[in-house]
């Protein structure tokens, strides 16, 4: 008698368990999206005086969210941990001026690009005559932010040629060491370095050398939103959003707010 | 010179309130770690005092690992590894915020160091004490609370307050996982004002104040724990 | 020959279930990092010891002013976090670049390794000074008095009678301090020094493979355990005259 009751209870429990496990396997509802950003990369993403993040990346993300009818919240995250935190589900997408590269594609997926800018070398005015070829940089100490395409470029191209490469947790720390003379040059994004040179006190020391660097292998296909590989639906939604804001002029408006030239 | 001090003002122009907030986070972090660390330390100390060989080996292993790893590495491993470990074990995706990661990591380390102190303290209380308490008819609970614990506490206090001081200083390492403690707030102030020497000096003085305060409190606690106890050479 | 050894290690590594390809790509950097760590610890602990000797003695024997100065130094470096001290020296030196340049010291402070080495040295000198102070005070007064009765000058007394005994007493805490320094050296990675942890962070930032942190953990554990056991042996041998003789 009791054994059949146990069997019944067991079957019921098993069915319940299956329902619970099968539940989350249903399609995810993307009406609420958490977005991760760095918050230390003006003018693309920076934490304002009120504690909220703002900048080009944030405005683009908000515009996309409006188009796909999602409610978006923002989370600030240290740059070095920004991809691990995405993989740990701390947020669902990264809008932090992250370059689309093959190396990153090994761990995450990307949306289509939403802007593209080259990199350039910045150095102290006292070194204005320095060249930017690998030969010219031999024996020099050059820096970039760690976990960035600039950092990777320096490590893979300039370090084997004899330069000493130093990497920093934030762009600011690299700039600080450039200003104090610890670095001979810094490689960074053009649209980040130019405002630093022109508008900040610290930037008065320094100037651009050489040409824009657009090496396809390292600087990739532009900047995109970082996503987890399994969130295919979210990628499609964001791609749609990007296409829509490009088509109806929203992108142009946001672009004009920050830069006189087109970023796309 | 005066505008340097102006940078410390409270309110939107100055960094005084941001540093103060950092101090609060530092103290909160240390205080939150204390119960976890003491609980772990006591548990491991009991393991090391146990009769079984496996229990003792486990206690030794824990102590060796968490006393031997640099605290910075422990913090990074907990911050980056814990979500993955939990995901691998239970399949649930959990977000570990930096504060919790800091408390867990520092708690594991504090547990390792304090287990040595607590072990010595446990061994310092003669067995006769609990035996006499039992003979007097005291329940095990009362015996522990009224007889064993005060003696244990007295012996453990200097070692524990030392470990606390180390914990206070180790909290500065959570700035590396972007937790808004005193060190991190100082980093932000330096990035904005380009006055590193001044701000890091202020931060050091604040840590010194915290250490001094802790030492004063520890001395008070020691004096209280020592009351009625005749020590040699006093 | 080296290639064969490298190959052998990688095969064993792979067999143990670790990622051999990851090791092949980033292993050499981590090994370089190990040399950096060892160098930092060796320099800072040795020079720190040489500084700690006069410091510890001054804390016991010095006049009011000397003792106050030494105590301030000691309290500052023992009461503040090493990370804050490193930031103070590294970024502070950058701020005073022109002044340092004028006295020709910029070349030293420009290099992150030297900034960190200097900070570590001052830090460990403070801790070791305390240990030596404790050791000197624990040497019985009678020793100093007997030496004076024998006609030894104060300096001689210290060198031949007091310090040797003080150091024998202090061997265990000094060994402890060495271990603490090995662990603390990982802080160098925060200011662009590529020690073991720095190399590990680099490997993680390129591969996002958590395994690299486990290698770092293994390296530090092996290092710390080795130093601890060797030091224990040294200490037992050096203080064997203080223990009861086995019949």
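In this document, chain identifiers A, B and C correspond to the written order of the chains, with residue numbering beginning at 1 in each.
As a convention for this text, a contact is a pair of C-beta atoms (placed from the backbone, for glycine too) under 8 Å apart; a residue touches a chain by one contact, two chains touch by 3 or more.
The model shown is predicted, which means the values in this text are computed figures rather than measured ones.
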Statement: Of B-C and A-B, the pair with more C-beta contacts is B-C
Task: Name the chain whose C-alpha centroid is most distant from the C-alpha centroid of chain B.
output: A
- line: Whole-Å distance, C-alpha centre of chain A to that of chain C, is 38
Approximate Å spacing (C-alpha centroids) for the pair chain B, chain C: 23
Statement: Distance in whole angstrom between the CA centres of chain A and chain B is 36
Field: Where chain A touches two or more other chains, by residue
entry: 84, 176
Task: Send over the residues of chain B in touch with two or more other chains.
output: 80, 84, 194
Message: If a residue has to touch 2 or more other chains to count, which residues of chain C qualify?
response: 91, 94-95, 190, 201
Message: Going by the contact rule set out above, which residues of chain B touch chain C in the complex?
response: 64-65, 67-73, 76-77, 80-81, 84, 169-173, 175-176, 183, 186-187, 190, 194-197, 200-201, 203-204, 207-208, 211-212
- request: Show which residues of chain A lie in contact with chain B when the two form their complex.
  value: 49, 77-78, 81, 84, 88-90, 170, 172-173, 176, 201-202
Field: Sites on chain B touched by chain A in the complex
entry: 12, 79-80, 83-84, 87, 93-96, 177-178, 191, 194
- request: Give every residue of chain C touching chain B within the complex, in rising order.
  value: 75-76, 79-85, 87-88, 91-92, 94-96, 179, 183-187, 189-190, 197, 201, 204, 210, 213-214, 216-217, 220-221, 224-225
Query: Along chain C, where are the residues that touch chain A in the complex?
result: 91, 93-95, 97, 106, 110, 112, 190, 192, 201-202, 205-206, 208
